[in-house]
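The data blocks that follow each hold one structure.
Two complexes, one shared chain (chain A), two partners (chain B, chain C).
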Partner chain A sequence: MHSVAVARPLEIERHDDAAGPRLVLRGELDIATAPRLQEAVDAALAAGPQMLVVDLRELAFLDSSGLRQFIVLAGRAEQEGFRLALVRPAPPALAVFQITRAEENLPFVEEPPSS
Partner chain B sequence: MELARDVNAPGLARAAVFEQLLTAGVDGELGQTAMLLVSEVVSNAVRHSQGPADAAIAMEATITAGGLRVAVTDAGEGFTPRPRDPEQPGAGYGLYLLERSASSWGVESDGGTTVWFELDLGRSIPSRAAGSGRG
Partner chain C sequence: MDLGHARKILNVAHSAFISMDGEGRVTYWNIRAEETFGRRREEALGQNVIDLIVPERFREAVREGFRRFEAGLPTRLLDNRSEQLALRADGSEFPIELIVSAVPEQAGGHSLHAFITDISERAEREAERQRLLDDLERALAGSEERLRTIVDSLAEAITIRGRDNRLIYANRAALESLGMDSVEQLAAADPEALMGPYTTVGEDGRELSMEDLPSVRLLRGESPEPLLMKSTDTRDGAERWVLLKAAAVRDARGEIDAAVTIIEDVTDAKRMQLRSEFLAQAGATLVSSLDYQQTLRNVAGLAVPQLADWCAVDLFDEDGVREPVAIAHVDPEQLEIATRLRAYQPERVHPESGIGTMLRTGEPVLMPEIPDELLERTAVDEEHLRLLRAARMRSALVVPMSVRGRTIGALTMVSSRARRTFGDADLDFAVQLAERAALAVENARLYGERSEIARTLQNSLLPEALPEMPGWEVAALYRPAGHESEVGGDFYDFWDAGGDWLMMIGDVTGKGVHAAAVTSLVRHTAWVASEFDPRPAHLLERINAALRRRPGVSVCTALCLRLSGSHATVASGGHPLLWRLGPDGAREVGSHGTLLGAFSKVQWPEESFELEPGETLVAITDGVTDTLGSEDERFGSGRLGELLGDARRDSPAAIRERLIAALEQFQVGAQADDTAMVVLRRGGEPGVSGELQALAGRGAGA
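Now for the complex of A and B:
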């Protein structure tokens, strides 16, 4: 039986689209990998873009430490005046957003906005 | 199993329980909920333990016909579970997730602190349709 024997790390791929940076996340987001996402977000926002896209479709796992980051990021978007779009994840990573009902208050989209 | 009290502990704990669930033929939504709760309970022990930094975290996961039971013990002196604080965005979601998704859970202090939860087999992630969600 094939199974996941070790925790999968987080991969962050950055694309600089015309509309702004887009971060594609793969792997697992938890207290071990959350600081790396924070760094990537800070770097992506350093130039003051009008939009930030975070694509969660290939994220295999996310817990409340990741949820916390997206809640804080949504507040930051409001304060700093950039548009945030979170591309809705698949069920394993969507669970934490649904159970906490944070899904209803975060700017989810089905596809990355076209640039 | 014993886990070093560092940020890698939740991932290692999830992988171990995932293996156990696979062996028991459990996957799907129950497996997803289990991964989430294991991650929350172990992260909680990593972050909030007041024990010595080199004290390990002990996790015991058992699967019976009734469901999954996970108990995580650290050397800390315990804490009082508090509900989510609306003043702190995103804080306290770990316990909130236990409250919402576990069949039962609790905290016991006896030298160390044990946070445990049980998840019924066949129980799954509550859907948004439950309660007064969007129609």
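Now for the complex of A and C:
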């Protein structure tokens, strides 16, 4: 076992579309990178948009801390009254949503809603 | 470790709790221990625990256990939940459930800590149920006349439903509860109409119809599980919880002729369960935050409407000045009146009012009825009296929140419904709740050391030793990630539920005190729920409900496995599936169920199967498959499946070692997540006729 700490990168790209902010996630969302997504979400929601799109198509990995972010976000959408759309990831990131049956409980879409 | 801290946290448990030194001398004895063993704390402190609670004939064996422990030898009692006989101060004996943990002391040696639950009621209930079944069997073997005589004398209500769904027989107890005088009258009644004056809901709150009754389902050809339901008499609002169990009566050709239902009134047990769930929930809520004002508000919110229509918490500072901290009311309009009432000259507490009396005497105050004269007497002026009357208080109780003999606050519960007046049981419950609330406030005020609390909790959450399960070989692995002072989110547990074994493995998202509090709630909920109905799907459903009641988002995955002899049933709540290692390799069994605590659309499908002797089951948490290797690769279920397939003939301990070695070889960098695994192998030689073994196993388990 090596003792080298490996950086697990998560890239978050923000596009401000007409309908609202769209966050494109690339890389790995786990216990280490989840706080960064939260920051990006807070910043994106600061102006009180009508819709938030999170594009997960290029997400390579997701763990339970990452999943929790989307559960909290879905709760916020309901409470604060904005529309949330998650663009469905490819396997293996999709697997976590399937194992937990989150897939049928979270607002997934196939493509980002056209802006 | 500073035992002062540990005690405060462990007091959150509602079991009896005893601390002792390595030789058994009692150093701590909580209030529950006083009640359970009939001895005051002052009598117990400094005495040897063996002389206090162990019946004479077992004393030598227990002393031997202490000697083995001191000598560093393994002892069976340590970290294992077990059932024992214990002694009360009056010399009577009773069954207890016991778990003992050892904590190394800085000064050297160990201290021992025991959680003890009085299970005599559970044991009696079990014996009673068995007696009933025996009586019925005897009765059915005899003449019809004999059957009636025996069945009529039973306290339990029993009905028999014929093939046309009509009730054709009811014993005296059942007739009484249906409001009928004779079996003839009953037979003439329309079956739907019998349910007329009652509304019935299941444990999940869903309304039930006649089609859901076990007897009706049995006659339809299904094999129904026992049904726990709440029936409310719409005529007077009286609530009752009953457990319905149905058995088939078959004719000579083996066809179902009628269905016998045993109706057990479990209202008291269910109320106790609700209270105990509530206390576990409140305990978890209280230790999860050091912001005590917020947690007191959460606790007040939890109490309404389940336990009271109105719940309030006041704190008093060093000078006795009252500070209203939290209030919750079932009715938003009434909340305003209640809030104004509390804000009404808060510094002027009338000495004869509930809080005034409590402050004067330091004792809890129960007011089963609140007559108008009392309001008139305690009102400080006309406006105050108007508010008091508008608040429609029917019954109330006020209990002190005390820390080291000083009253730091008051917990008030009010009922405004005519049919719900408070009694001694409610008062006792409120005292326990206030005890926890006071500790939370004290902890928050005096100690900010989360890591200390976390360590204490970790000790209480992670039993290292495994139970002895007859007919099974067991191995488990737990590798926490991160710092020693943090509490991990993975857990596993085994317990005996009326002859069946239950295993649960789970993963609470997050780490630290919050995760520990949720873990403790999840385990507690599962234990209590399994007493009524040990089906895995039922346990997951109850855990989901308990997590959904918590403020904020508390989510958890869990896999629950029930073993009855060779028969296994499994269900997953968002957890990686169970692995079964058969002759042709390893494969996952069962289907995915919903993550617990997160969603409104839920399902927990169960899968049942028979295990051959020598067959092995493996449950893991996602820390195993998520382990990170070189080039961003994860260990994954493919590698795990291969490893388990190769290891299918190994012992559970060998499988565990193989997995550890494989993970360590694969892993690059520091371990990111907790990792847990449980391996169970059914005893017996493979190759012996599986069918025969399975039958033998079932016979022993039933």
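Convention: the second predicted complex is superposed on the first by the 107 of 115 C-alpha atoms of A that agree within 3 Å, B and C clash if a C-alpha of one lies under 4 Å from a C-alpha of the other, contacts with A are read in each partner's own complex, and residues count from 1 in each chain.
Rule of thumb we're sticking to: a contact is a pair of C-beta atoms (placed from the backbone, for glycine too) under 8 Å apart; a residue touches a chain by one contact, two chains touch by 3 or more.
As the structure is a prediction and not an experimental result, all values here were calculated from the model.
**Q** Touching A:A32, do we find chain B (first), chain C (second), both, or neither?
**A** Both partners.
**Q** Mind working out whether A:N105 is in touch with chain B, chain C, both or neither, as first, second, both or neither?
**A** A:N105 contacts chain C only, not chain B.
**Q** Which partner chains sit in contact with A:S65 here, chain B, chain C, both or neither? Use first/second/both/neither.
**A** In the superposed model, A:S65 contacts both chain B and chain C.
**Q** Can A:P91 be said to touch chain B (first), chain C (second), both, or neither?
**A** The first partner, chain B, only.
**Q** On chain A, which stretch or stretches are contacted by chain B in one complex as well as by chain C in the other?
**A** 1, 3-6, 8, 28, 30-32, 61, 63-65, 67-68, 71-72, 75, 92, 98-101, 104
**Q** Under the touch definition given earlier, write down the residues of chain B that touch chain A in their complex.
**A** Those residues of chain B that touch chain A are 7-8, 10-12, 14-15, 18-19, 22, 29, 32-33, 35-36, 39-40, 43, 46-47, 89-91, 93-94, 96-97, 100-101, 125-128, 133-134.
**Q** Could you list, by residue number, the parts of chain C that touch chain A in their complex?
**A** 507, 509-510, 553, 555, 557, 574-577, 592-595, 598-603, 622, 626, 628, 632, 634, 636, 664-665, 667-670, 672-673
**Q** Provide the residue numbers of chain A that touch chain B in the complex, in ascending order.
**A** 1, 3-8, 28, 30-32, 61, 63-65, 67-69, 71-72, 75, 91-92, 95-96, 98-101, 103-104
**Q** State the interface residues of chain A toward chain C in the complex, per the touch definition above.
**A** Touch list, chain A to chain C: 1-6, 8, 28, 30-32, 60-61, 63-65, 67-68, 71-72, 75, 92, 98-102, 104-105.
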